[in-house]
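Here come two complexes built around chain A, the first alongside chain B, the second alongside chain C.
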Partner chain A sequence: MRGAMHARWAACAVAVALAATACGGGNGGGSGDAGAVLSASWGDPQNPLEPANTNEVQGGKVLDMIFRGLKRYDPETGEAKDMLAERIETSDSRNFRITVKDGWTFSNGEKVTARSFVDAWNYGASLRNNQRNSYFFGYIEGYDKVHPEDGGKQTADTLSGLKVVDERTFTVKLTQTFSTFPDTLGYNAFAPLPRAFFDDHDAWVRKPVGNGPYRVESYTRGSQMSLRTWEDYPGEDKAQNGGVDLKVYTDNNTAYTDLMAGNLDLVDDVPAAQLKNVKNDLGDRYLNTPAGIIQTLAFPYYDDAWNKPGTEKVRKGLSMAIDRKQITDTIFQKTRTPATDWTSPVLGEDGGFAEGLCGEACEYRPDEAKKLIEEGGGLPGGRVTITFNADTGSHREWVNAVCNSINNALDNERACTANPVGTFADFRNQITGRKMGGPFRAGWQMDYPLIQNFLQPLYYTNASSNDGKWSDKEFDRLVDRANQETDTAEAIKLFQQAEEVVRDRMAAIPLWYQNGSAGWSERLSDVKLNPFSVPVYDQIKVS
Partner chain B sequence: MGRYVVRRLLQMIPVFVGATLLIFLMVNVMGDPIAGLCGERRCDPATAAQLKREFGLDKPVWQQYLTYMGNVFTGDFGTAFNGQEVTELMSTAFPVTIRLTLIAILFEIVIGITLGVVTGLRRGRPVDSGVLLLTLVVISVPTFVTGLLLQLLLGVKWGWIRPSVSSEAPFDELILPGLVLASVSLAYVTRLTRTSIAENRRSDYVRTAVAKGLPRHRVVVRHLLRNSLIPVVTFIGADIGFLMGGAIVTERIFNIHGVGYQLYQGILRQNTQTVVGFVTVLVLVFLVANLVVDLLYAVLDPRIRYA
Partner chain C sequence: MPDQHHEPEHAVAGTGMGGTMDLGVDEAETLERRPTGPDGTGPQGRPRSLWSDAWRDLRRNPVFIVSGLVILFLVLISLWPSAIASGSPLACDLSKAQQGSSAGHPFGFDGQGCDVYTRTVYGARTSVAVGVLATLGVAVLGSVLGALAGYFGGIWDSVLSRITDVFFAIPVVLGGLVLLSVITSNTVWPVIGFIVLLGWPQLSRIARGAVITAKQNDYVQAARALGASHSRLMLRHIAPNAVAPVIVVATIALGTYIALEATLSYLGVGLKPPSVSWGIDISAASPYIRNAPHALLWPSGALAVTVLAFIMLGDAVRDALDPKLR
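Right, the complex of A and B next:
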């Protein structure tokens, strides 16, 4: 009896194995089946899925599949290319005349017109609609009326700087010159919206309708979204597969296990614990490419201890006490690269990435580090604590490693300690409440691949992500000038000069550039990650 | 009996209010949840203020609590930060978790009690020692180890099952997660039953039953087991609530979108409405399960009377 049972199980296992090879072996490296659907890992979006309300990767993933904006960032180079924009004309970098291409429709048949954009932007900017990304419209004239910052009453419903000229043309007036404004228009917040969004908002949120290569077939919130190729998609980047089923995973380890078991085709976040095995498990079905993410340590400049003259030497010393290479090699298995400037390699040399701009201040030199810190008056209070949120992203490991590195360099076991905060929300609360007493974790994922996005939001006086409240007149002046500069190369040069100010004052310690990773099953080919570390779903071929 | 039930139901009210108040305060102590909604940047103050107003977070805590409780009695559990009604979350999460709990309880009853009876009747024999050792192993290995190990072996290495549960979570996919979830309690049920059976085996009424010449299975099932089940029923009853709320680890490993998943996400995002809503329902489940257990005593042991 017992023997028979075993035999049956064995037979089953063999059958399964045969079936698996039969499935996998059929269509080697050839062209994919355009009708086949792939499954991919997903996380539950934090906010309602509206273009101007989505500020994290999981929701952004979907928007990138179901929407196309005026511009689109090239999945490989990150360059902003015209998508729905036929022309964006300006003579003074302040007044823009935008013409929308003819022949585009939403997947429900409605035409994409100038009004689709203007209505969507007005909706996104209006305080009444609680959109988390409102500030993207902050440069447009009239923003202070529809979105009063100081808690005043909203006195207008629409931005006075937006005007529809005719069916395909509208004008934008900004409050200041902003030469790279057209290049920011690839961000999801600037997507057009169909009338259905405004007419029956609840129904739209339950099943979003856009103008991208995919349309939402069904959406079960919190567990799965089925996207199918929109056959009549008018653009050139038509999807190469039949569709994508996004499945919500609570734990990326489970997603990885599912990939191993052949239950899932694509994971775009290989868990840190699996990095060691990934080469064995997946071979060349694994990708690890730079993404537009940089991790830094920011400082509380509202605390006098860190704002005194001379403290830049202390910060520089701390920076030189961190052995970035060892930490990225051992803890992150080379999925992060030691940072040598304050931007990201995805910008490319032409886009403003300056490798080595940080110079020796970002190299590991323990002896000089010790000397510099002493010259700068020593650590405030004799020690530093690094604050971070312990709930996500395996931050604890690297913070401990950074502290160890600092302690070793300074020959003082108590020089640096880690201070974990339980949740991200609480961490953000303490930051906005100016309660940081020492360096703290600051991560930045770019909104659009421009050097401006790596500098202005983080270091400009009172900017939205300037968590340490750093302020420098010279930096502000250079950024203002760069934004007014109409010649792109000149503008980038000015931004780099501003970056040098950040370096000289060591406003924040750059740690490492983060990579995006993806692993996939044998059925898939042509898997790529864009600079935002999101898979380029429409190019994936399924066999 | 009726009066007893009514009294117990009335006692639930203060327990219910106290428990929800505690949870409400605890989630509130964690601080302002709005700051976590804007990613790595400061929420612009106007939007943050508006959001706070919308979620009622701008009022003092006691007022928030009163409004919340008022709404709960009309069936409105509030809205999660992603715009979904908490009742909607519950309607998707609870059926899944109830299925999972049912399977777990079934495992506890069928395997746990059977093993307990077998070992209790054969005390000191190899079967007894073997099962005892096995339960010791199960109790001492943490659930997440058992879960991950079984998932890897059955799901990836041998390919017998799907390592994760699909979003519909039908019964057959929940068998392994249910077993993992039940494993520790199952071991306790075995041990409880075993001790209880071994103790009662020597009591007078069993000797009388045997002396009357009743068949052995009747002695075991009707006389011995019925009297030995009281501590086991107490344990299983309390376990229902525990399994429903405590499945966070198991649900995470097998990617089950049940109550544990919603609670985990709610806590991570400091979503008061979700956490308090789900915990409130769990408190109710606990209270009702306890009442049912107490009433079951009377069924099992006619000497117990409620007046």
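Right, the complex of A and C next:
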């Protein structure tokens, strides 16, 4: 294979240039060079990398490299394990006493203390700082004072439910019982922040300082972020390589071509057009594993055209006009599975995944689809436009296919059109700016493997990632009750009832469960994807 | 000056009407004509004009005949695409994605299962429409502004020259990405408007230069001395002798405008689906080049042939109208 030979030579050149390592032919796999740097595909994040302001995948990737929280989701199982937390104690699932481990510092030498967490959470919750993930602090007592609902005046700067007891201990008081609260603490919104973040915020934003195995060396928007291993990292998951250069690509086909040409070591988004060839191209340097990602179409409920009674029939009709199986088979070469609920199979049946919960609404029934849309008053304005970002995930291919499927079902060649937005960051800005006029792509990569995370952040009134501003009292009530429930099985039942509300009103159209995919160069070994589909960068070995 | 956009026609007509002028002026014009062949301005029976001379050259030029036939064919299928393609360019069946050619589908199917033949045929309409309309716009705007600047000179000339300098400094593709990305209308008009906006300075320079050359001729001075008005001088004496370079450059530019439309559509800022354009199809098919090269090659081939045909036509017209450049 010519491509492979080529890749090896170029890879050697890169290695020599960057780390002055020897590049012999026979030093075998497995033994990595701890000093070598790898390059990986990436996209610009929407916002500066403040942990509580990052609710999208690309920024999340970096936060996961430069921060460690109280908990960390096991890269293999997704289980929430103690990281910086020595103990999280509670007797009533409402009052928590959290002890931080000794010996942790930020990469600038500052100690990680209880205050690092309390300050960070107060910052994230405060309305003044306008953080996208502020909603994650919503159950902490005093949230209504620091982040009042629409238009209210902020009357406090700090959450009254957070109290520092001593250097390593703080307490959290919630407004209601929330049995899985400790398991949510691995999410990046709950990361600790050094004083440098508050003392010189601009400098921090230019060059974020965290407590993870990597530190940010430089970032040029639109080009590259260089991360280097933090040598004094106190944790056990020390990076096995010298660092990672995250290179910005605006087209995953280009990234794949660069991988084949030896200019890139790792892609974590194999383009749909290459799925037919990838096994041939990369052999066992290709990975495709189930991940906690579901692809959906969300709707702008701030637009009256989609918020009228009866439009749920239109949405259900659209859902039934999409031939999911044909699209996942043809466009994605069976690397995705048609969705039949709003969660993900990685949760498992015990975790709340309910195969078939969507029922006939997720089956391809073109005749019924047409009838339902007519009953619901037809498509608003006679047509729909699906907005998506064109730089990742081969979204153009599947959005066009979804549109063609809808057009074929409705016998109208112009019923559905695709509206590409160049970059993910722009797309997110348009969404958070409420500029959507019709359905839009809403892929959801879970933050932690709980059914709650597939429902509450997306459909709860005013939740952080409820991009379409959907709101339903019954849904909110069921979620609140589920969170209070201390018996896991009961809680999951309640969440599934809430999911049925989502189904009955077709708040979003589920499309398919996505697998994570990755391809890498011959320099790399030990490449794995975690259950969130993000490469476990710190375990990758470079030779 | 809305009437001015008929200038090329006036120009051609003006050549014929020159003969009715005063003797002195006619003689001056005769002198000017000499390099392009036997002079005279009347219809049949009289000596040939620049235009009939050029037409005689063109008819004997195989390059003109071939490119002319290709362009005629393109114009016909843009007007009546359904005559040779029965399906709809928007009818796609995903189950046939990436299949090769089969009965009734000679070019096979693209990644979405759309018929490549039908889409290639319908794509000609966009290309021809953009090419022709943008060229008309550029020629009218550019030659009017250029001619006025060249004729009146002075401050008008300086201002216009600086404005053209500004437009020349704008990189075409970058300008397209910036300007067209904010436009949501999905028709050919924004693309045409953009091409006219960036294309007119080239034509205005040509027209300005040609007018400056023509106005220094003795017969123009003579006509002026006899009290001819500005409009008479411009339309009767200068324009007919300045229009040839404009036509030549505009014809060659037409091909490049078609390529520019495809480029902009390829980049996602020109036309967008469901509009049908070769640029869109080339862009959509390029990731599949390894598995379905036919979906990329047919629209690319059609684009290449079309652009080549217009550029060759422009070359032939230039040879005929301006033998000095041959």
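Just so we're on the same page, the second predicted complex is superposed on the first by the 327 of 543 C-alpha atoms of A that agree within 3 Å, B and C clash if a C-alpha of one lies under 4 Å from a C-alpha of the other, contacts with A are read in each partner's own complex, and residues count from 1 in each chain.
By our rule, a residue touches a chain if its C-beta (ideal position, glycine included) is under 8 Å from a C-beta of that chain, and two chains touch if they have at least 3 such contacts.
These figures come from a predicted structure and were not determined experimentally.
Engineer: Could you look at A:S223 and tell me whether it touches chain B, chain C, both or neither (first, second, both, neither)?
Structural biologist: first
Engineer: Looking at chain A, does chain C or chain B touch more of its residues?
Structural biologist: In the superposed model, B touches more residues of chain A.
Engineer: Which partner does A:E490 reach: the first (chain B), the second (chain C), both, or neither?
Structural biologist: neither
Engineer: Scan A:Q445 for contacts with chain B and chain C and give back first, second, both or neither.
Structural biologist: first
Engineer: Pick one for A:T330: touches chain B only (first), chain C only (second), both, or neither.
Structural biologist: It touches chain C, and chain B stays clear.
Engineer: Touching A:D350, do we find chain B (first), chain C (second), both, or neither?
Structural biologist: A:D350: touches no partner chain.
Engineer: In the superposed arrangement, does A:E375 touch chain B (first), chain C (second), both or neither?
Structural biologist: Neither chain B nor chain C is touched by A:E375.
Engineer: Applying the touch criterion given at the start, work out whether A:A425 contacts chain B, chain C, both or neither, answering first, second, both or neither.
Structural biologist: first
Engineer: Once the structures are superposed on A, label A:Q46 by its partner contacts, choosing first (chain B), second (chain C), both or neither.
Structural biologist: First partner only.
Engineer: Touching chain B in one complex and chain C in the other: list those residues of chain A.
Structural biologist: 422
Engineer: Within the complex, which stretch of chain A touches chain B?
Structural biologist: 12-13, 16-17, 20, 44-48, 55-56, 127-128, 130-132, 134-135, 147-151, 205, 220-224, 247-251, 254-255, 257-258, 260-263, 391-392, 422-429, 431-432, 442-445, 457, 464-465, 467
Engineer: Taking the complex as given, what residues does chain C use to touch chain A?
Structural biologist: 88, 90-95, 97, 111-114, 181, 186, 268, 272-274, 284, 286-288, 290-291
Engineer: Spell out the part of chain A that touches chain C in their complex, as residue ranges.
Structural biologist: Result: residues 253, 271-274, 276-277, 323, 326-327, 330-331, 390, 396-397, 400-401, 404-405, 407-408, 413-414, 417-420, 422 of chain A touch chain C.
Engineer: Which part of chain B faces chain A closely enough to touch in the complex?
Structural biologist: 30-47, 49-51, 54, 81-84, 88-89, 92, 151-152, 155-156, 158-160, 162-164, 167, 251-255, 257, 261-262, 264-265, 267-270
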